[in-house]
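Take a look at the structures below.
There are two complexes below, and they share chain A, which is joined by chain B in the first and by chain C in the second.
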Partner chain A sequence: MLKQVFNLTLLQHTIRTATPLILAALGGLLTEHAGMLNIGMEGMILLGAFFGVLGSFFFGSSLAGVILAGLVGLVIGLLFAVFVVDLKSDEFIVAIAINMFASGLTVFLLRSIFGVKGAFSSPDIVPLPRLKFPGLSSVPFLNAILNNHSIFVYISWILVVLIYIYLYKTPHGIWLRASGEYPEALETAGVSPKKMKYISSIACGVLCGFAGAHLSLGYLTLFSENMSANRGFIAVAAIIFGRANPIRTFAAALMFGFFDALGIRLQVMGIPSQFTQMIPYIATILALFIVTKRQIAKVKKNKERDSSAE
Partner chain B sequence: MAEKLIELRNISKRFPGVLANDNVSLDIEKGEIHAIIGENGAGKSTLMNIIYGLYEPTQGEILFKGKPTQIKSPLDAIGLGIGMVHQHFMLVPSFTVAENIVLGNEPKHKKLFIDYKKAVAITEELSETYGLKVDPHEKVESLSVGIQQRIEILKVLYKGADVLILDEPTAVLTPQETEELFEVIRKLVNDLGKTVIIITHKLQEVLAISDRVSVMRQGKMIGTLQTKDANEQILAEMMVGREVLFDELYKKESSKKEVLSVKGIKARDNRGLVALNGVSFNLKAGEILGIAGVEGNGQSELVEVLTGLREMEEGEFIVNGVEAFNKSPNEIRKLGIAHVPEDRLATGLSKDASIWENLLMGIQHEEPYAIKGVHINKKKVKERTDRLIDEFDIRTPSGDLPVGKLSGGNMQKVVIAREFSFNTPILIIAQPTRGVDVGAIEFIHSQIIEKRNKGAAILLVSAELDEIFRLSDRIITIYEGKITGEFLNGEITKQEIGLYMTGKHTEKAEGGEKVE
Partner chain C sequence: MNKKFLKRDLEYILSLFLSILVSLLIGAFIMIANGRSPLLGYGALLKGAFGSKYNIATTLAKTVPLVLTGLATAISFSSGIYNIGGEGQLYLGAFAAAYVGITFTALPKGIGILLAIVAGAVVGGLYAYLPAILKVKYKIDEVITTIMLNSVAVLFTSYLVNYPFATTKGKMGGTEIIAEGYHLKRLIKLSTLNTSIFFMGFIAIIIYYLMEKTSAGYDYKMVGQNSLFARYGGINDKKQMIMAMVISGALSGMAGVFEVLGVHYRFLQNISPGYAWDGMLAALIVKNNPIGVIVMSIFLGALKTGSVSMENATSIPSELVLVIQSIIILFIAGEAGFKEKFKELNLKRKSKQKVGEKNA
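On to the complex of A and B.
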């Protein structure tokens, strides 16, 4: 029985379900480093998913879908920055507004453009291409896990490395981190922290747009209402769990992806979906619990070290 | 005649509702140490921020080397060779020393990546050239304020500054660190041809370090004089606009009855680290006990423990013969302790509440101000408010004004008026004159002395050594949560006490008990 759950398909699913989390979390960790926790990623993903389908359906090209999703993400990211950075609104309120707006707008457009309720699927939606690496097909295990995924799976992995290098090895990335930790220091050094915050927010919007496009054009080929299914929030959890480090956050996103995939696999076993669908969320709560525990333990350790030094 | 490097002509800067700089003119000569002094809110920092491009003037022009120049951003200022060391250090805590020094202008390799090795080399070279020792690899968050200030100065020099603006650089330093800083400033000016503008409100420092001094008051430039022609009295008068008497304060002999004692108290700070590590002392009626120490050595936690705001882990705390270990703030107040907290805006006052409400806090449920403990007796409250406003010289058009609208000095007078009006036998006073102008300092000091002469026991915590020396009968020094020395005022100089404040000397003490 266990074999039916824990097999190669589970790992394959893990990679597929983790991808939107990775993309969104990479975006979110940029804003996190710039001093803004963006829970509006949920709405950004949803809009990306919708406009991905829209672009793909009308232009008959998945690239057009991705570009449209990215553009919409860019606009929302810009909007978030205008409100949070320039108008100094509360970032949570703005993010909640974005989430509600995204949810309402996609439902509305789904009905007025496609004339359907709930979900829209059509053979005219062009899915994202899958990549096949011929070299891998002879390696049995890796082939099953790594080969033949939608293109964003690979892009997300490359981005993990690029963003890591950007944040820690380039001046621009250092400025981004400084803009969140101590903006005044950056400003007096002659670099505008506002600019860095804008850049991070826009990049986050675009990456969330891509995460959405992957969801509706790569993972599935349809759009359904609220199909982001709290992935934006799980991405936030991944960022917190990974302490905004791209590598650690990637690992956290994979872990959450694993539980998501596990839920799906267990459903195959005949366990009611109401229970299996809880798994990723329960995992998220547990993960955050562990992080908090770890932090408390760290403080305690400091205490002990102090008292032993006395 | 020295060359004029920077000339400000008729500069005005208006913020919504405030004219921060009013038609100010000033010239800075090449190779001088120019002090700018003035009370808080006199417009010194605004003026310097204009030179550094953080603010744009509403009116007026700036000449650099004789040519009209627009300084629209710090980048422009840096381009002209003007650098600023801010009062609050502009260092990113989690970055290393080298990363902080090159921030904004990082050395690169392959045009894309930061060349960290080169950043370290640059830091070492700067450190060597200017004689300011730092470790390039260390993270800033683990360094002392004195070292952080060195990094700030190096950072400014790295950007190629010929003019250094230092905004209240000595506010956070011990006397020794101040002396070291002055050495550095002299070296920069005399040996390396730099120009230094130093903002301060400490008159002795102005006289010790500067070549010329400019005095500001209420946004206006009062005048510039050669430091050799100035003395404390002249400068204080220019700052305040009237005669200020730094008279010896009259201190009556006290009764010496012990009213408060603590023994071996231990407590932790907000991060869970040991902040107080076995502190013992006693406090007698009719005396002022001053606690001297560099900020962050446990003074704040000590005050919080004694007022019930922080949990004590161990120790004995006796007030008038009653054990007060971990009693609530309210219970402690009932034992006869009033508290002037160090941060008037965070804990001392409610900024949005009116003056009368702030003055009433703590007795709002008591007769005669509350009828049957429920309904506020407006008439009685108003009488009290007006009396305190008058008695404590709170400058306000009305008691209904929100406290947040007052100046720093007047806000502090509201806190002091409230706490002093409770007529408690014990007062715990922290940083009573922080960010307060000279006139108000004089008034607050006289009020504290008056309380003492009436027999109150006063514990005074202050980062200003001058204040400690002026008011205290007895002084104890605190360093890393331990008492390092105890002295009668007059037994010790400021220089000597600095050594106790930095843990370089410790009085031999048995079990924390002190011998007078």
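On to the complex of A and C.
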């Protein structure tokens, strides 16, 4: 039985299910560095999934779907920035509005454009291309896990590296981080923290749009109501778990993707999957707890050292 | 009452009306874009919400969970602790009530109902206690923990009703029907409106006095607050924060209890279509004013009920009201910012004028 659950297919599924988490989390960690936690990613992913299908269906091209999904993400990201940065609205309230807007609008459009309730699928929706690396096909283990995935799987991995380099090795990335941590200092240096916040929010929207497109065009080609299914919140969990570091967040997203894939397999076999599904949420609370406890202990230690030095 | 505060109050109510009006206009525009008449659409909506005794009853039935979760939001937000976990607390409270209702079947009617309500309140309150302690003791952001705990509660109850407590009659993701003695009486034929609305009224009065009494001066009220969204301001009394959070959780838990005792007579794994979010919306719109919460809950309940009739009459999908609601909340979220920008613009124009006069 264990062999039925833990096999190569599980790892293959892990990679598949982790991809939207990775894409969204990469976007969210950019806004996190710019000082904004965006729980509106849930809605952005959902919008991306819908408009991905819409674009692919009407233009007969998955690229059109991806572009449309990215554009919608861009608009929502811009909206988020306008409200949070310029109008100084509370980021959580705006995010909640975005989530509500997304779930309302997608169902509304699903019914008024496609005339269906629940889900829309059609052979005219063109799926995203899958990549086959001929060099890999002769390697038995890796071929099964890594080869023949939807294109965003590979793009997300490349983005992890690129965003890491961007954040820590380029001046622009350093500005972005400063816009969250030391906005005044950045201002004095002649860079507008506002601008950096806008850039991060827009990038986050686009990446969440892509995450949605991967969901609806990557393997299955369909849109169903609320198909983001909490992935935006799990992405937030991955960011917090990975402390907004791209590599660590990537690892967290992979881990959460693994539990997601595991849960689906358990469910198919009639074993309760709810507990595996809970893992990202509980892990995040525990991680927050452990990190703050450590910090408190550190502060205490420093105090003791200071007082003994006197 | 201070006159200046009153003026600010009026100003806010004015911008509130404006926000709702503009949102409804956007809704009308969407209807036109869909080739439907907004007059017919909104007419059907209004009729569906208030057109007959049955319609009014249905609207009020929808109002009950919104008022409770709205007050839950109001009491926590106005104490400077942000309970976004209403949905999870509602699920656990609802399950607790169902558990009592299928376990203690021999209890006398009144006692059983009270026990179910208390059980739901305690479970909801305890579930809110956890993030409250994490916030006060360890400064862990309660917004994040309560969001995470929402999913945990929904998953946990889903496990309970699909495995250990699953009904033997059919596969539906629900518990058995609760004992007859737990069913709250229906008030209007065919509508789900039941006696829980009296419980709700009673609870609302208690919460109103609690918020009035415990508020030092005007902290809790709409008037004294510069901004609802000043998340890092507000009252910082730790004890009060924990209390507010626990009461908030208890209220959300009770919202779940009444869905079980009054509407479904069992716990269902999808028992709430996001009541806690709508309740939160109601509280946000009126800046946590308890009376305002009730008014807004009726408004939102009417939108929900009416949207179904609108759909039947004009085939405009009922989800349009979700879009309208989210636009209202966006406007409200940006209200302070809009005002500020507007004043800035005004000032600039005036100073420009002055410069112009001088030059002339």
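Note that the second predicted complex is superposed on the first by the 270 of 310 C-alpha atoms of A that agree within 3 Å, B and C clash if a C-alpha of one lies under 4 Å from a C-alpha of the other, contacts with A are read in each partner's own complex, and residues count from 1 in each chain.
The definition used in the following text is that contacts are C-beta pairs under 8 Å (C-beta built on N, C-alpha and C of every residue); 3 or more make two chains touch, one makes a residue touch a chain.
Bear in mind that the values here come from a model prediction, so they are computed numbers and not experimental data.
Using the contact criterion defined above for the overlaid structures, shared-chain residue A:72 touches neither chain B nor chain C, since it reaches no partner.
For chain A, the partner touching the most residues, choosing from chain B and chain C, is C. Contacts of A:203 after superposition on the shared chain: neither chain B nor chain C is touched. Contacts of A:185 after superposition: chain B is touched, whereas chain C is not reached. By the touch criterion defined above, A:171 lies against chain B but remains apart from chain C after alignment on the C-alpha atoms of chain A. Contacts of A:30 after superposition on the shared chain: neither chain B nor chain C is touched.
By the touch criterion defined above, A:274 reaches chain C but does not reach chain B. The interface of chain A with chain B does not overlap its interface with chain C at any residue.
In the complex of the two chains, the chain C residues touching chain A come out as 30, 34, 82, 84, 134, 138-141, 143-145, 147-149, 151-152, 155-156, 158-159, 162-163, 228-229, 231, 277, 280-281, 284, 316-317, 319-323, 325-327, 329-330, 332-334, 336-338, 340-341. By the touch rule above, chain A contacts chain B in their complex via residues 165, 169-171, 174-175, 177-178, 181-182, 184-191, 299-300, 302-303, 306-307, 310. Taken in their complex, chain A has these residues touching chain C: 37, 39, 83, 86-90, 92-94, 96-98, 100-101, 103-105, 107-108, 111-112, 230, 233, 236-237, 240, 272, 274-275, 277-278, 281-282, 284-285, 288-289, 292-293, 296.
Those residues of chain B lying in contact with chain A across their complex are 52, 54, 73-75, 78, 84, 86, 88, 90-95, 99-100, 103-106, 108, 112-114, 155, 159, 268, 271-274, 277.
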